[in-house]
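The following pair of complexes shares a single chain, subunit A, combined with subunit B in the former and subunit C in the latter.
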Partner chain A sequence: MTALAIRSFNFATKSRSGLLVVIALLVLLFFFGALISDRFRSVSNLLNVFEQSTGLALVSLGQTLTVLTGGIDLSVGSMISLLSVLMSGTIDGEAARVLPVCIGILVLGAAIGSLNGLTVIWLRVHPLIVTLGMGALLQGVTLLYTLGPAGSVPFEFDYVAYGRLLGLPVGAVFTIALFILVALFLRYVPFGRAIYAVGDDEIGARLMGLPRKRVLVFVYAFSGICCALTAIYLVGRFGVGNVYTGQNYTLASITPVVVGGTMLTGGRGGVIGTLFGVYLISLLNNLLNFMDISSHYQLIVQGLIIILAVSVYVEKKRAV
Partner chain B sequence: MLTLSSISKSFPGVKALDQVHLDVRAGEIHALVGENGAGKSTLTKTIAGVYQPDEGQIEYDGEIVHWTSPGEAKSAGIHVIYQEFVLFPHLSVAENIFLGHERRGAFGLIDYPQTDRDARELLQRLGVEIDPNDRVSELTVADQQMVEIAKALVHKVKLLILDEPTAVISGHEVELLFKRLRALKEDGVAIIYISHRLEEIFEICDRVTVMKDGHYVDSKNVADIDRDQLISLMVGRDMSELFPPRVGEAKFGDVVLRTNNLSVNGRVTNASIELRAGEITALAGMVGAGRTELALGIFGGLPMSSGSVEIDGETFTEMKPALAIKKGLGLVTEDRKGQGLAMQLDVAANITASDLDAVAKYGLINTIRELQIARDEIREYQIACRGPRNPVATMSGGNQQKVIVARWARTCSKVLILDEPTRGVDVGAKVEIYRIMRELAAKGIAILMISSELPEVVGMSDRVIVMREGVVTGELSKDQLSEEAIMQLATRHEAA
Partner chain C sequence: MQQAVQSKSMSSDTNSKKLSDFGARYGIHLALLGLIVLSSIVSPAFLTANNVSNMLLQAAPLGIVVIGQAFVILVRGLDLSVASVMATAAVVATSFDGQPGDVVPIILVALAIGVATGLANGLLVAKRNVSPFLATLATMIVLQGIRFAYTGGAPSGNVPHFFRIIGSETVYGLPYNVIILAIIAAFFWVLLHKSVFGRQVYITGGNPSVARLVGMNADRVIIICYVISGTLAAIAGLVLSGFVGIVDNWVGRGMELDSIVAAVMGGIALSGGRGTIVGGLIGAAILVVVFNAVLLFGMPVQFQIIIKGIVIVIAAAFYVKRGA
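Let's look at the complex of A and B:
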């Protein structure tokens, strides 16, 4: 019965044994942390980690889909920065503008993402290059718009980050719901299947008559929307957008994807693995803070985790 | 059903199709033959909507069609099984079968139980035992092909095109495939069958269209012609010229390589064979008999689990490819794209790849010397290419194979192992490869040729070693050699 449950669980997330590895690591890390620090295992600290993981989770969700198609989105950091300054700059403290501007930011994120996807198709340049270029371009635009924090949002807007729903952080709960929705989409909607197929064998997908172009535009547009959601969350959290707010997210968003068992070559993996990857990274950083280890070491530990995680997922092929 | 009139298609620098005609009727199996580079694949892709013709018209199901994408041709009932399958290794069998035609339940969402049931039923109809939940990457090649055919059945296929379907399967699997094709034909499906194996055309095809160099040559009823006539249509050359005669008298030297009870984990058991200088020895048997594994065991590509290899009197119980090369061995692998050639590199780089010392000076590659060597080899082996800087990816299979042989002939001084050297290669290039093998043998190199094509084994070899299920079942000398004798040793039938 358990075996069956595990099997169907793995099947559902498409990452097979990968998911179990992340969950096992997460549990291990938690117990290790609980042993060395009382405050670490306190409910308020865990809720805090849960809340803080929201930004990373949202970017990584979009990133997972681009990686599933065999691509990558390196413009996410700059896009978050740009969208966040545009957002607080246009709202400029006016409560009435919050809703329309948020919608506008989401549309703009989707538009920039679509542009990424279309450029990949039109110019036949690898997404790595297209989005790297787009990232630089967007950062430039951001700095033209403002050189520092721009505008502000009404104080109450911090609800998206700190608000509580049944005692849980609102943003984080919304994020989990979104992950589950996307996981179901990938499994139960034929278009989701096409995303895997394009990443598995792009030429094959074309020969099969699958909507390859629509898939590419969709995943980059979705990544753009996820960036917009991250920007909204971050603006809520800090009360203002800043020109370098998103900077660290570009590389950070790839770590949970890889740790969660999605192959960088595409075609295999899933978003649930990514979500656990996000929690693993967030919990680890939190624990390192409690252990009074400098953030420089945190980077080193993260680097090691990426490399180790990937080596776990590599399909063990017969060495010739 | 399908009529192509005066189809032409050009790519930069080549006219791939020039005024080609083809007429395929419902309920017939129509063979499409021609040497590699004759334009069969381009024609196939034109029918499938991958390419759009520059001139001419396609009439399908009574209508003139202008497909702009493979999807349109597919929804019109055309299904192509390419030589390289269009399967997604990380998806399951069932997911592959219904890809693009997912079984849907409520709200248009994928209905997994239904998918599973339908996949099971389809596979059962094909008479194969495949678990729909397996990932495709875990299947054998023959099973993968059955999944491809199952896909065609889902799509309510009206025209099925198979490109070299038997290149990757053998024996029983071929029979099973033919049975399926005949059943489809009975159902009124039109089938275009591309194959280099002429026996098959006579076995299952009704009509045949011959192409050469992008031109249409002729269409015939298969019943009206014989094998030799068909070959002369294809190449304008006689069958007897296919296997070049030995250069001079047969003169075999000493045993240069011997295996003593060599076993390769689970695949080869206690194989003891001998190879003599100047002799062409064939290693025959069914696909899966352990021939490739024995070759890899000798070459160090797979670890020996017991036994030893003796090269020139020196005994090795462990082998690595680098050591094998140093001892004068060469291996032309079966899968030339995956294991043999660096497809994106040019001819010169590929030829000199295993012998960089010859072109390097002070640890740097001397490109002038490299080009010189490449030009010599291109002339020597009559490799058709635009020059030493031509990337091998754009060349035909036969010429790619010549590049690999040229490379190994440079470094290998004692034993050259060729695994299915003429698979997927046209008749003209086959003759070339046979000629090269003869020449290398005349120079005193021991040649071990793994081949599943019996006429080739009989026509080329001085001696044949037969394997079945990992065991050497017998050896035939030149005067004992016949296709029947080989088959008896290769199949279970005789073992009783």
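Let's look at the complex of A and C:
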């Protein structure tokens, strides 16, 4: 039974339709939940899950691109924390400052991300170490800036999280649009395809004259921008930025990427898989809540999902 | 072709190569020495017996974890689950009544958790080809969940007196936990540098395919390395629980990163097959001295994290240049 399940999983992933597996799991999960609880399948609950998945989706989008190049960004959590305290600290309740500060936060996110990418290139140190170091540095700077929640944003700013567009949460809709844009970019723009090439075979990509350095700077800068968007969303949602807002996102952002079928070795996968990975995890956590399973067990389930996902997607052949 | 170029450049500047070799081999020792000299010049409080004893007390748990981390990194791995194992061992230490008779069962249960976690990590990495980052991340999360579920979020209870002694007391000015570290370090130094298994670790880390071709059981070597790491993390957790005295769910938090930072600073290459236990321990010592110096110099405590972040990148860059 298990062997059969594994074999069918292997078949599904080999035929490049890993995406279908995730979607199938999502549908299965939904029907399972709908059988158990009436409130779970209610439109308001599903909209709620949709709305709450926005933060994780945005970070994971940037994370997917760094992972596609064979790298990783472990500075995302600290970056979100820093950007969110800076944002609510500088806005400080003034409605007029919202737009310029948001733009500033996006630029700052891009700049910090670029610095990650440039350091990877200049020092030839593995991205894991570079972004780990950057994460520590940013967390230190955050705590130097403030030791608790800083400033505030105007009440109306919660529109980015709770506002509705045709009855759907604004932030979540924006996120889907962004995912689709990035997916098209990766598929049809040469530079986007170069991201896959760099991750799949770095030396080959260099020999073919692909702009490896520009690709690396771009993906880390993009990850920084995604962190800034997450910070904006979270500040909108909570009304204030806090020093540990982003903490859990560092490792949490990797789970949907892996569940969505993007290989940590680089060059394989895509953002749409990540988006469904995010929905799968969000829906699962929501369902566990409805089943009255404490958040402690949700952790266990999340760990088991990672193990399951990586075991399913493994396909790298061993040399000997 | 490439070899010819290399040998030519080698013969042309043997001296500079010797110098860089020296720097690569002893740079970390010199860095620690320089740091100690600098700190004692800037702050007279640095080299007092009290402060040194304090630093040693803090260094011991980290040192124990670094030894395990070293084995894992040597076989091209990474163990993110060490902090979770440490906290779980610490929670176990308080789960009994705190009576002297509980010491042996506590040690056995904690070690069993460490071994089991290491085994799970090793099997996932060696047998399922899962990337070490993800495998140990997953076991970290699972273990954390189990711990939370077991304690209901807030552990309570007393650490038995025995662990208080080994965790925080000294004999002739030498902390017990440093003695434990020394014994462990000596044992694993012999294992890594003087035994057949140690050779196998280096060969497996240097090139797993070659290891398999020469008939070694590379999978077994990798699994054993993860088990060593898990076991040592459990021991470190018990020692640390005695040091802090109270136990919460986060004893040892940050140790996974600190131990990796220490190992990388000590010259243990993340690409595997290169590095020594002594290097890792010196890396840990540097980390502790830097943390201590930040406070003695009157800098805000936040600089500990900032400096740690900068140091790890610079240290890693230092070793990369050498390899290229």
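Here is the rule we go by: the second predicted complex is superposed on the first by the 300 of 320 C-alpha atoms of A that agree within 3 Å, B and C clash if a C-alpha of one lies under 4 Å from a C-alpha of the other, contacts with A are read in each partner's own complex, and residues count from 1 in each chain.
Simple rule for what comes next: a contact is a pair of C-beta atoms (placed from the backbone, for glycine too) under 8 Å apart; a residue touches a chain by one contact, two chains touch by 3 or more.
Because the structure is predicted, anything quoted here is derived from the model rather than measured.
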Between subunit B and subunit C, whom does A:209 touch in the aligned arrangement: first, second, both, or neither? first
Tell me the contact category for A:285 with respect to subunit B and subunit C: first, second, both or neither. neither
Could you say whether A:64 touches subunit B, subunit C, both of them, or neither, answering first, second, both or neither? neither
Subunit A residues touched - subunit C or subunit B, whichever exceeds: C
Where does A:223 make contact in the superposed view: on subunit B (first), on subunit C (second), on both, or on neither? neither
Between subunit B (first) and subunit C (second), which does A:53 come into contact with in this model arrangement: first, second, both, or neither? neither
Using the superposition on chain A described above, determine whether A:144 touches subunit B (first), subunit C (second), both, or neither. second
Partner chain(s) touched by A:193 [first = subunit B, second = subunit C, both, neither]: first
Of the residues on subunit A, which ones does subunit B touch that subunit C also touches? 320
For the complex, which residues does subunit A have touching subunit C? 72, 119, 123-126, 128-130, 132-141, 143-144, 251, 254, 258, 264-265, 294-304, 306-307, 310-311, 314, 316, 318-320
Within the complex, subunit A is touched by subunit C residues 124, 128-131, 133-135, 137-146, 148-149, 152-153, 208-209, 212-213, 257, 260-261, 264, 270, 300, 302-306, 308-313, 316-317, 320-321, 324
In the complex, subunit A touches subunit B at residues 11, 187-190, 193-194, 196-197, 200-201, 204-211, 267-268, 320
So in the complex, which bits of subunit B are touching subunit A? 48, 50, 69-75, 80, 82, 86-91, 95, 99-100, 102, 104, 108-110, 133, 296, 301-302, 321, 339
